[in-house]
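In the two assemblies presented below, subunit A is common to both, partnered first by subunit B and then by subunit C.
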Partner chain A sequence: MSQNSGLLARVTARGSYRYVTVALAMAVFFALPHLIAPFQVFQLTQVLIYFLAVLAVSYLAGYSGQVSLGHSVFFAIGAYTVAITSDRMAMPVVVTAVLAFVIAAVIGAVTAVPALFMTGSYRVMVTLALAVVTPMILVRFAGITGGSQGLPVPPQQAPPWTGLADDQYVYYLALAIVAVGLFLIRNLALGRLKRGQIAVKENEIVARSLGIDSARLKVVAFSASAAVASLAGVVYAYLVGYVTPSGVGLLLAVYLLVGACVAGLKAIHGALFGAAFLVYVPEYTSGLDPSLGAVFFGGTVIAVALLMPDGVTGWILSRLKAWSDPSSARAPDPHRPREQALTRVIDTTSASAEKSI
Partner chain B sequence: MGITGQRNRTRVGAIGAALVLTLGLAGCGARDEANGANDPGITDTEVVLGQSIPFSGNLSIFAPNSKAAQAVFKRVNAEGGVAMGDGVTRKIRLIALDDGYDPSRTLANAKKLVERDEVFSLYAIFGTPSNNAIVNYTTSKKIPQLVSVIGSSTFGADPETTPYAMGINAPYATEAAIYAKRAEKSNPTAKIAVLYQGDDQGEDFLKGLDAAVEGTGMKIVAKQSFAPTDTTVESQVVNLASSGADVFLNLTTPKFGAQAIKTMIASDWKPEMYLPAFGVAVIQLLTPAELQTVSGIHAGLVTRDPGQEGWATDPAVVDYLKTMKEYGDGSFDPLDRTAIFGAVSAQTMIEILKGTKKPTRAAMMDAARSMDFTVPMLADGLALHTSADDPFALEGLVINTLVDGRWTPDEVVDFDGKTNR
Partner chain C sequence: MTVEIFLQQVVTAVAAGLVYASLALGIVVIHRASGVTNLAQGEMAMFSTFIAWQLWSWGTTLVVAVVGAIVLSMVASMAIERTLIRPSLSGSPLTPLIVSVGVLLLLNQLAAFIWTTQIRSFPSLFPEGMLDVLGVRVSYNSIGTMVTVALAVAVLAAMFNLTRIGLAMRAVAGSRAEAPLVGIKVGRVLSLGWALGAALGALAGVLVAPVAYLDNNMMMPVLVYGLAAAMLGGLDSMPGAVIGGLIVGVAENLAGTYIDVLGPDLKVLVPLAIIVVVLLVRPAGLLGREEVVRV
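So, the complex of A and B:
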């Protein structure tokens, strides 16, 4: 890398470009709701929601090696916290968001602890079980949750001083909450815990022999990921204005994992591709034929998995790299193995399942 | 030090630039809402309707509702269009989107239909959560949300707060009240047992039944629920049978209804039984001997029943089957009750359009709030009726009794204007 003068190398070598990129991205995200139609603002807000939830799932799988099929639970916690509290009292968004965040973090930690005693696919099954029972629990406690009818959430009205339309206001609300979640996940994934997490993920026994408290790292990661997923649920409730058990069922959990795989598990900002995929691809495919839309969507997921095993982000990066530095495309750097998102999920689970046998 | 300083300066500069940009854009303020003189979605030749319904997922079994409606509209268009109340004949275009029964997708669809496709009115949005999820939006945008397929007795109940939202079918609570009234007629001190689906639909039924039984000599002595995912309802029915009830509300879909009847016969329980409108097809799952044993059970019907013998020569049924054959896309069974109800919904929409005296949404709501007609595929004796303070179009049922293995119309019970909100 050091001897070539590829564009990508220059970009990554100089941190300053990154800030320009971030600033540009910020500007684009700030400007968009003023430039597009209201239903497109709604869709873009949906992208932000999925971004946060996909980010939570992909961080957990990509950096902590824990695959969760149950993040719909934490999404539900966020959404229902908003619905249940606003049904009873008017609370500022910040208070509700913090409340949901704390509840989900605690439940996430509580879930992660017993899962520590299990490995691989068994642990995945615990999270799967959570996702399956969530709608049933919500229906069972109808007195609080509204049962299968669900609960309405009063519409968010933009304060007059902002001069914004309501949908724009909810969008900016989502943007602010996404910024908080992104900040948290970035710091966890790339900060102080980074090396410990990677060590635990790659080989837990070696990591433990080096004195790394793997249990603590896993619980922290799961809890944080759960909390961030709940923030996505909070925004969802404000955006849709209605929460039901059917909206937070197993299908959502599977969607989030699909989003994470499409994005690439180690791609933090790349989760945006996964989120956009979840919003725009089903819309496009159901436009082709309403009855066969879901089939086309499934086909697209399979196609992405086959053609872009590193996820969309990995694919774009490898294209960029090949374009800016043709030599690297011919001779891949042995120190940077390809991160194959889908196979990595399978490897993580099957390898640890083997260990447990 | 030098590098750090340079980085910090760049960072500050970049964030500053972003902030300036942001403030500049925020200064643009809210977008202007388009507000033309004519309502969108209607021209001199065409009126555009929008629907959101599950074409995918567990509830995609209801998709024929939309497909049958498309066939009805195509037929009308082929014959020139619908002569609306303002004297202009227009063709109907129905844009149907899939929401997989996920309320967030229904809302996304509603916004797309209104803002991108510029529909004149929303039509037959399917399901309680889906309709509830968009009602704030349609109310604030003043978009008619008509002929909604929703059994909740609270949806659209208050024309003051939701002036644009109206359902079509009888609320489940009203249906339950109709059965209770009929049961009271034959036995004023009936002991009632209920088997219901443990979801919003079942809860609505139960709520209506509780209200209807209150203050009468009747009593609900046993309640059992089941989940749509259960494999059998045998144990529930055995429990109900042991309660000694003499009236049994078997509020199930045909599969569970048949199981319940078989268990009933096996445990020698002989209550007076009522089946809901969505459960009448149960008789196709019973043997002739079983049909003979349970002869005399009741069911509430809303539509004509092309699937049953004896209807083959009914002109409305003949016309319906012809429409489905010539204009349907062939992907559904015209005898499916969902398809039949889809035709009733479409025929109702056509009547509303006929009564719309100006090409505006307000005029359409006037027509929807003064319904007084019947449509071909509705069961004989029933009518659609609304007024300024009665938003529920259908509030009646035809109680049918099983005679010689066939449903035979028995009594029309109409609770028009009496739905308990």
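So, the complex of A and C:
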């Protein structure tokens, strides 16, 4: 048993093994496009795109407590920045990405401000409203956006010196942009900002009484998350070669939130599970039966939400814990729910007593 | 003449607003009973409308088909609540939201699988033609819609205010934790809340379908207006849902007609802008209960 818990300690240890893990992951992702078929390279690039977008959503919910059903907006900003600029002038990818990043960061900060005044469900629904409005605005200003037809994006050609196929080049492009976004999110999710954000998420009033500027933290988190989501949109435009309003509608926002929940909200590596879920599960289910595939996908979403409430990563970690230390995974205590209900009652009665005082 | 056109617009808008109110009431009833913002409300209504269409095309009269669909929807909604929603209530508040998204995706595609994505016309419950009221021409469909929703609201209000089960439902909405202490079976309240929500949704569906046609995506725009109405009034307030529905319906129709920049494409912006402004001033909606925050 001590062996097992030693293994667990190693698996969950953040410090000394982190660099090894990162180096290994980088090596694998670097080598992969040379080992698999072109079609799989396309899918893998999709996974990278969703990884970044899901990461943006799960970071926002997990570390800042802000649930967004509107991140398709920022994805759209990235994708349309690429399409609109490349329609008019040839710009290096880096410039386009920075442009999209800045626009999304500003719009993200602006949308976050009114949301500060709202609570819970209302805030979620306002972000949902954003997602609904985006395709309509894109259709309305057809002169710039190409309307419901959308805009083509000229294909990215690999520079000859790299010796890469075009799809491999786009993959590495995606990998580079994902690395930048990941670095940003990781740094935001660590250190002082992280502690402040967690304090705000757990109990905003206590955090504020300790001098933490909760409004600023929330706006910063939303803005950063929006900017990272726009990077995903940038890569998406280069990969697919076409942007349409329907491709960046409510359904995308819903998918990203589903991905974030599959990922588990607090785990950066978990976003990879979420992204893979969004790419491979619909493909697998439609392989089972073309017309019923999407029905199975909906069913899978429900099943994962119910059976793995902490996401795939949380589920794996809890299994791992139960396996390494069976005593921690005792049978559910039949009295526990009742105890909880009772403390809740005491809590609320004392609350109403306070109110009456 | 322009006054008549304006009044005609208002009447159409009020009829549309009452349909939104019906869907919004469904959302509010479910939110009060279970604390869940049911994003699948629109798709549940769409599915109910397809059931009504199916019963009707098998040869029953339209009224029987609609009543049958409402009853079936209530049973199905209770089943969804019992099997999918209730297990999700114990964990993070995000879980029921994701489950409702799953139900949305599932029902949308299941309808496409059973009835194909072909767009169908759906018969109106009311006769065709117009009624002339002081120079303002009002369609029987508008009048019928208004009367039907008003009746449903009256029945609902009577149920909540005059019956024991209505009292229990108000108690649960007021304090979920204390309700079981006075002997209220919270489980039954949950079931009934979801059943009523589905019935109101089905009603909205069969009232929308003759105008918007019937296909598996027909309720998506209506859901946006319904959610907007529910939020505007306050997710916990039933009169708020009706008022919210009316405001959303009137704002959307008049903006689409009179503000050229917006036109039919962007008219949805107006109710959404109203919501943002209202929520900035009153974070729990017009008639919603403000959350008391305690450290």
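Note that the second predicted complex is superposed on the first by the 313 of 357 C-alpha atoms of A that agree within 3 Å, B and C clash if a C-alpha of one lies under 4 Å from a C-alpha of the other, contacts with A are read in each partner's own complex, and residues count from 1 in each chain.
Keep in mind that, in the parts below, contacts are C-beta pairs under 8 Å (C-beta built on N, C-alpha and C of every residue); 3 or more make two chains touch, one makes a residue touch a chain.
Here the structure is a predicted model, which is why all the values come from computation and not from measurement.
In the superposition on chain A, A:V67 contacts subunit C only, with no contact to subunit B. Of the two partner chains, neither subunit B nor subunit C is touched by A:G233.
In the superposition on chain A, A:G264 contacts neither subunit B nor subunit C. Of the two partner chains placed by superposition, subunit B and subunit C are both touched by A:V139. When the shared chain is aligned, subunit B comes close enough to touch A:Y242, but subunit C does not. Looking at the shared chain after the overlay, A:F39 reaches subunit B, while subunit C stays out of its contact range. Within the superposed three-chain model, A:A294 lies in touch with subunit B and with subunit C [touch as defined at top].
In the superposition on chain A, contact of A:G314 is made with neither subunit B nor subunit C.
The intersection of subunit A residues touching subunit B with those touching subunit C, taken from the two complexes, comprises 139, 291, 294. Touching subunit A in their complex are the following residues of subunit B: 6-7, 10-11, 13-15, 17-18, 21-22, 25-26, 28-31, 33, 55-57, 60, 63, 66, 96-98, 100-104, 107-108, 111-112, 114-116, 128-129, 132-133, 136-137, 140, 152, 198-200, 203, 331. Across the interface of their complex, subunit A is touched by residues 31, 37, 84, 87-88, 90-95, 97-99, 101-110, 112-113, 175, 177-178, 180-181, 220, 224, 227-228, 231, 235, 263, 265-266, 268-269, 272, 275-276, 279-280, 283-285, 291-295 of subunit C.
Interface residues of subunit A facing subunit C in the complex, by the touch rule stated above, are 61, 67, 114, 117-122, 124-126, 128-129, 132-133, 136-137, 139-140, 203, 205-206, 209, 250, 254, 257-258, 261, 265, 291-292, 294-295, 297-302, 305-306, 309, 337, 341, 344-345, 347-349, 351, 354-355.
Of all residues in subunit A, those touching subunit B in their complex are 15-16, 19-20, 22-24, 26-27, 30-31, 34, 37-39, 42-43, 46, 139, 142, 147-150, 152, 155, 158, 162-165, 168, 236, 239-242, 244, 246-247, 251, 283, 286, 290-291, 293-294.
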